[in-house]
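In what comes next, chain A is part of two complexes: it sits with chain B in the first one and with chain C in the second one.
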Partner chain A sequence: MDWGNWFSDANNVVFLVVALVMVAASVRVVTSPNVVHSALMLVIALAGAAGLFLMLGAEFVAWTLVLVYIGAVIVLFLFGIMITRAPTGRDPGRLDHARRWPAAVVALGTFVTIATVTTLAFEDRPVSGAVTSGGDLGEVLFNRYVIPFEAVSFVLLAALIGGIVLARKDPER
Partner chain B sequence: MSAILDNFWWLLAIKVLVVALFIPGFSLVLIFAELKLSAHMQSRIGPYFAGGRWGWAQPLADGLKFMQKEDLVPADADRPVFKVAPMIVLMGTLAVFVIVPFSPKLIVSDLDLGVFYALAAGSIGTVGVLMAGWSSANKYSLMGGLRAAAQLIAYELPLVLAVVGVVIAAGTMSMGGIVAAQAEPWFHIGTFGVRLPYLLQGQVVGFAIFMIASLAELSRIPFDMPIAESELVMGYLTEYSGIRFTMFFLGEYAGMFSMAAIAATLFLGGYYLPGLPIASNAMYVLGPLVLIGKVLVLVFLMIWMRWTFPRLREDQLQSLAWRWLIPLALVNIMATATFKVVF
Partner chain C sequence: MIINQFLVLAALLFSIGIYGVLVRRNAVLVLLSIELMLTAVNINLVAFGSYIQDTLRSGQVFALFVITVAAAEVGIGLAIVVLVFRNRASANVDELDLMRW
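Right after this comes the complex of A and B.
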């Protein structure tokens, strides 16, 4: 690949910046000495992912990522951390894992496997028949993929009910 | 006029100017409206002297006072998080203005997923509020931050669900498309097409839920437990001063404007008023005025609520959201969908 050509495309430069920020933020997620900082770094990493989806033209996925992950999941993380333990500065508890090297090997192995599989599966072919607009997406989701869609929503409903059952107090006692 | 609006760069410059100057400027007007209206509603004198007549310079004086104050950071605070938090709150609020349509052309970007984008951008502020509450290293701040997060999560759901009714009726999520759908005649009496905003097309329940949920999202009375002065001394805002407090303050009033503008667009017809020719050049001037007029009506409603109702209790707030607003919004969606399919 010719690097000069690669750099002359503005898309690639933006991708490089977003990707580097994402990598740096992801590393900080696991190395930060403070849990709240880790969660906030995760926000940056997720925002970067949303940016990459926007670059690919997948607007709906990008905004869903912002709404669900940053707006709800991370907020729940932060909420949970703050309601249980919330020291500013260095966390007195030991956040570090005792087995650093095996963890690093597993993380790297997972990354290599996923990267290889996805690159091999798609190669350089552009995805054909991609749907990006909200209307088309709804059309595809509720016609062709309606059964997987309903199955997923059923699983989520079951998880929701399970959560309520676990959380409520036993009326007997 | 139209030649300038067709030039990409001119249009972009106008759009940036609108968001960068008009929003803070308009927030000052809203602050002044709040001061004067609250004074009248509670038979107080209110601002009277600053600037002469009506005390019109009061918000400007307040703003200058805030800005020249020292920007304090508590000794135990988490400095970077403490400093960034107000910026994130303000950023989330300002990002919503991308899809507010002031006229057919005067919109930063008429995204295909406009409504969805607005809800996503609006949800970023929650992270900022939690950051502010935690990084202050103050019990009151932390309590306020936690209350705010619980409240914002609870009311985001009815907010999103209330919008779905309009999206089903209009068949599009683009803000411009929703206004255009309301400019279409709903039914005909003889040859006279009756054009009605969605509020009068049966989205009354959706509108009520949206307004209640937006009050809660803005943490305004009767939903202001996160910053309740009498119990939490301002909650997550306790440790903020100077320019960073101003950012939160500005964010609240800009948020009022953006929420009211979205409600006006979705339920009241946006920049369109029945009788106006929507395709003509006159809309470039009349459109923004019509929208701002509708926004002012809704903002008056919000201020009226604030100075009339007492504060809800935390459990009352949660049960209102989960046991009333969300089921009602779901019923509203089902009814709207049935109506759309049958007729």
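Right after this comes the complex of A and C.
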């Protein structure tokens, strides 16, 4: 692979910057001693993912990610942190297990395995950033994929009811 | 752009998520790490969809499905965590040893 050519593409420079920010943010998600900082760092990582989707031309998916994750899921997480009274101050050690090295070895092994396999399989095949319009995606979603779409909406409904049933107070007590 | 740069980045995010799942004690933080892993999967799906360039846009459609299921999973997961916290006054996963043999 020719790294000089790779760097001369402006898209790849943007990718590199976004990737570095994402990796730094996600490392902070799993190592930060402050729970709220963890959740806020996840916002940065997810915003980076939305940026990558825009680079790949998946506009609708990118904005859905911003709306659903950054808009709703993170707020839900912050409420969860608040309700469970997770230790929010600077208190390292209690948030993590004592044995970090086995976990780090497992994570490193996973990364090396996946990265080696994909590098061997895909070497330097190009990928295009051709934009998929929301209209095209909607047409496919409501024609070819309408059954999975309805199934997913049913899953969402079941999760909604399940969440209410689980989280409300037991009336008999 | 080559496809492998997206795949390697997704692998890195996925393994960071695995580290978080294994090392964190607080259940909310374990769920946060799972979100990280799901995002890595989404990056893979969209990158492969952009690579294959099929007319059905299957990569993006399934990325949307994964986002939906992840939102449902967070809702249920946090409800369970709140319930566990209410019953046992702790949301640490290593103190939940009720089913330990």
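Quick note on the criterion: the second predicted complex is superposed on the first by the 132 of 173 C-alpha atoms of A that agree within 3 Å, B and C clash if a C-alpha of one lies under 4 Å from a C-alpha of the other, contacts with A are read in each partner's own complex, and residues count from 1 in each chain.
The rule is simple: a contact is a pair of C-beta atoms (placed from the backbone, for glycine too) under 8 Å apart; a residue touches a chain by one contact, two chains touch by 3 or more.
Quantities reported herein were computed from a predicted structural model and do not represent experimental measurements.
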item	value
Contacts of A:60 with chain B and chain C, given as first, second, both or neither	both
Which of chain B and chain C A:83 touches, first, second, both or neither	both
Touched partner set for A:104, first chain B, second chain C, both or neither	second
Larger contact residue set on chain A - chain B or chain C	C
Partner chain in contact with A:15 - chain B first, chain C second, else both or neither	second
Touched partner set for A:159, first chain B, second chain C, both or neither	second
Partner chain in contact with A:147 - chain B first, chain C second, else both or neither	neither
Which superposed partner A:72 touches (first chain B, second chain C, both, neither)	both
Touching both chain B and chain C, residues of chain A	60, 64, 72, 76, 79, 83, 86
Chain A contact footprint on chain C (complex, rising order)	1-9, 11-20, 22-29, 31-33, 35-36, 39, 42-43, 46-47, 49-51, 53, 55-57, 59-61, 63-65, 67-76, 78-83, 85, 91, 94
Chain B-facing residues of chain A, complex	34, 36-37, 40, 43, 59-60, 63-64, 66-67, 70-72, 74-76, 78-79, 82-83, 86, 88-89, 133-135
Residue ranges of chain B in contact with chain A within the complex	76-78, 81, 111-113, 116-117, 119-121, 123-124, 126-127, 130-131, 133-135, 137, 142, 145-146, 149-150, 152-153, 156, 172-173
Complex contacts: residues of chain A adjacent to chain C	1, 6, 9, 11-12, 15, 19, 22-23, 26-27, 29-30, 35, 38-39, 42, 45-46, 49, 52-53, 55-58, 60-61, 64-65, 68-69, 72-73, 76-77, 79-81, 83-87, 94-97, 100, 102-104, 106-108, 110-111, 114-115, 118-119, 122-130, 132, 136-137, 140-141, 144-145, 148, 152, 155-156, 158-160, 162-163, 166-167
